[in-house]
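These are the structures, in structure tokens.
Heads up, the next two complexes both have subunit A, just with different partners, subunit B and then subunit C.
== the complex of A and B ==
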């Protein structure tokens, strides 16, 4: 094992290595890919921080996906992700190696850890970025993030403090292919670790909740006020079963009691990024469209040709969603 | 149990006016409500207080009109409301906002056992302020809690963290941010309303009351600046089709086939 205390040993663009649910949660790999672009512009390298218990195996994965350095802190006390303990360790590492930039996934844990760490380091943080760039004039990180319900994009900078910190929504960047021949440096710094035991786990179990299903779903059908009644809204569930889709709803449909509140799509609900989203009887209020901007293809069905949802639809169908869904169900029942 | 609830007044509509020089939102004059998740925090706090005794202090940083939100919080059952308002607080990012809130909490006569916040606000949606207040006050934090059970010397809470349902024991004092599943804000009783407007006194503290320098709060004390606002690139304008329902359904099926969602209809 190597002890390296020199700040030059370590690339200055950092990524928080979240290995939980590795095969589905690829946000760390996506961030490494973007960090590599940024590091290239700053003439430095990419360092991944890997904290946990028995996590060495992931270090090689991160190198294979583009990390120049992986800093490993491997201890039983780090088995559970805890913002208090993790921010304590990360702030020590920051002091030791002085990064310019720290990136993390905008997962639940990322959104819990990064604000706490930014506060401890007395520096700036932007959340849920959709893009990251280097400003060539001052080599600062430009953090691009949706503002005001997705109506605008804000460019945020952190000119006077370091490190510059940002979280990024999973799926924003593309990971680099696995390169088994890649070579990287693995560091095991010696730190004084005081686990924070004020929050103690009693039990945990995996919860495949709707949030995860909706957010992972490749095909989402969303119903709005135009569905007219609970019975008509129910036909969307039948359609979803036939197509292998998940059902979401806009605020008016939820307020009418046609769907459970956990199906709310939009700024205050779930943000979805399916390959295809079919939006039926939805006018296209900002609150709602903020949650669907990331969809690859959008098909909208609405009776009103002026509905604002048509401005973002790849295919806009001017007609009564209830009738069209009815006809489509008839056709699909014949096929399956 | 003495509880502090941090609330924010947010615009009711997502359409906002901007201060183009500072790239911040103009909050004066907009129709405003208490941020919905902060209402959930408030209701959860009132339930705990009713069960265990103690007092609830509600804090909010904002322009003078924020007093309205604090009076509403008194109507929900809070015992005391403090408005943190000062022109030098304007234009704050989350680092500077959490600094003011933490300073106010540490100046209370009795340090609270529990600080509650909404997980995030509907207008800026950063979810930073709760954890940042916890860090500055050196409190343990649990975010996005959806159930709270009091115990003898702490709390047991549940939350879903990245696909795992966790049950945690938290030592007090602590800070929790609450998610929307916790409870639905009830409607206000007439008694609560009259209490808010007849007895509802909102105390106001400025940067001097908090012992803070103007340079460490507001725009000056912020680490991040918004340098540019722009409209997101429009999605490419799609095709709009009209016609009879049968024709439209046919168009939809062809589209689903071309996307590979449906297999192309073979002759039966």
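== the complex of A and C ==
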């Protein structure tokens, strides 16, 4: 059974508990796993923040996946998420416990909450990180994120402000296995809640879940600008059906309207880790390749033999993606 | 700012004073005739909470002893009543002394306790508060593992679930 932290210690590497997206992505569990690594290098523990109403089951889940401490604010007033209220509570908690690092998912939720919180705390925030490290020289957080339009990977540090804040894409890190024997510490601070009276909830309606399961797919086909048109891009869906794959798209293909925005792969989209990724008509911009670094095997198809995608491909085919997809479909249709 | 602190188990917890706790004891389970209540730690692989206690009425008269979810000495003619997800112990007058109900999540269990119990001096020690039970914080001794201290009742049984 894991040791429980000392009673007066609240781990100084924090993760925001985004339980509302638990069944869509498991980014909080993935961040806890990475936070464990970072906390180990800082000789501290991992604390998860849990705000809402009747959230106890999530405290248990986070402890099972590696959290040492869970800070719970469980109130009826927090049943519905409101950015101002949540960021106000979090800033009070930061004032109380003085964490070194706060991590959150680069989800729509995190993208709204974290910039507000960073502003309140007067500190920096690195969004859409693809990796996190501790600099052994000063024990600061190195936040690795694509920059300048994805042309390079920047290592960002925040030497003069605390906490150091970062958001990370779902699928970037691997979660720890569930440990039913784990026991953690749970803290219930009694906070002053100032409700955001500018917003009145009239009714709510759950959004239809139209997202694909790209993060979990063992085979992913990604189409880029080289597919040439929406009709040609559509052939990737037929190819995916025949192969049992999911379809992703690069930013130019999304901007051209050839695929839905939720299929975007890369820095500002989804991070995938398939066993096999087939990249068709993609040049290999860093913005895109930041999202496919975890693929076990990459096959790249591009007309330009100098395309940078070939530098990270295991197998490269120099040719027109549209022609090669056509040939593949012709062959596969005979078999199915 | 006031901060309350507790332990939390990944597998099973009780909800007491609106907070989760893996197990707790009130009073002395080793005593021969005094009030106690024990909500024991549930180990991974077990799915049933284990409650024991010696409960009195407002006049300090013994009503019933509970040994690991089963009735023992029962001068108050109390009744054990299975309900969905748990059980109740109801006094001869029809009052619910203890209600134990366990909810299963994807990966764990949460048990809600309700009821009203007095000690030998007729002091109220436990009462329902919404969907859980309220007790005096100073009386609550949390457990981070199965209760192993001297116990006046039967030995802890193997998991019956």
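Assume the second predicted complex is superposed on the first by the 218 of 336 C-alpha atoms of A that agree within 3 Å, B and C clash if a C-alpha of one lies under 4 Å from a C-alpha of the other, contacts with A are read in each partner's own complex, and residues count from 1 in each chain.
Here is the rule we go by: contacts are C-beta pairs under 8 Å (C-beta built on N, C-alpha and C of every residue); 3 or more make two chains touch, one makes a residue touch a chain.
This one's a predicted model, so the numbers in the text were calculated from it and none came from an experiment.
Asker: Look at A:174 in the shared chain and tell me whether it touches subunit B only, subunit C only, both, or neither; answer first, second, both or neither.
Answerer: So A:174 meets neither subunit B nor subunit C here.
Asker: With both complexes overlaid on chain A, does A:333 touch subunit B (first), subunit C (second), both or neither?
Answerer: After superposing on A, A:333 lies clear of both subunit B and subunit C.
Asker: Could you look at A:79 and tell me whether it touches subunit B, subunit C, both or neither (first, second, both, neither)?
Answerer: Neither subunit B nor subunit C is touched by A:79.
Asker: A:213 contacts which: subunit B (first), subunit C (second), both, neither?
Answerer: neither
Asker: What is the contact status of A:139 with respect to subunit B (first) and subunit C (second): first, second, both, or neither?
Answerer: Neither partner.
Asker: For the overlaid complexes, name the partner, subunit B or subunit C, with more touching residues on subunit A.
Answerer: B
Asker: Does subunit B (first) or subunit C (second) touch A:230, or do both, or does neither?
Answerer: Neither subunit B nor subunit C is touched by A:230.
Asker: Take the contacts of subunit A with subunit B and those with subunit C, and give the residues found in both.
Answerer: Comparing the two interfaces on subunit A, one with subunit B and one with subunit C, no residues are shared.
Asker: Quick one: in the complex, what on subunit B touches subunit A?
Answerer: Checking each residue of subunit B against subunit A gives 14-16, 23, 25, 36, 93-95, 98, 122-132, 134-136, 140-144, 156, 160-171, 174, 180-181, 222-232, 234-243, 245-246, 248-249, 251-253, 255-256, 259, 261-263, 265.
Asker: With touch defined as at the start, can you tell me which subunit A residues reach subunit B in the complex?
Answerer: Those residues of subunit A that touch subunit B are 20-21, 25, 81, 83-84, 87, 107-109, 111-113, 115-116, 118-120, 122-128, 142-143, 146-161, 196, 198-209, 211-212, 219, 243, 261-262, 267-268, 275-276, 286-287, 290, 293, 297-299, 301, 305, 310-320, 323-324, 327-328, 331-332, 335.
Asker: Which part of subunit A faces subunit C closely enough to touch in the complex?
Answerer: Touch residues, subunit A against subunit C: 1, 4, 7, 56-57, 59-61, 63-64, 70, 74, 92, 96, 178-191.
Asker: Where on subunit C does subunit A make contact in their complex?
Answerer: Touching subunit A from subunit C are residues 1-11, 13, 15, 18-20, 22, 44-45, 105-108, 110, 144-145.
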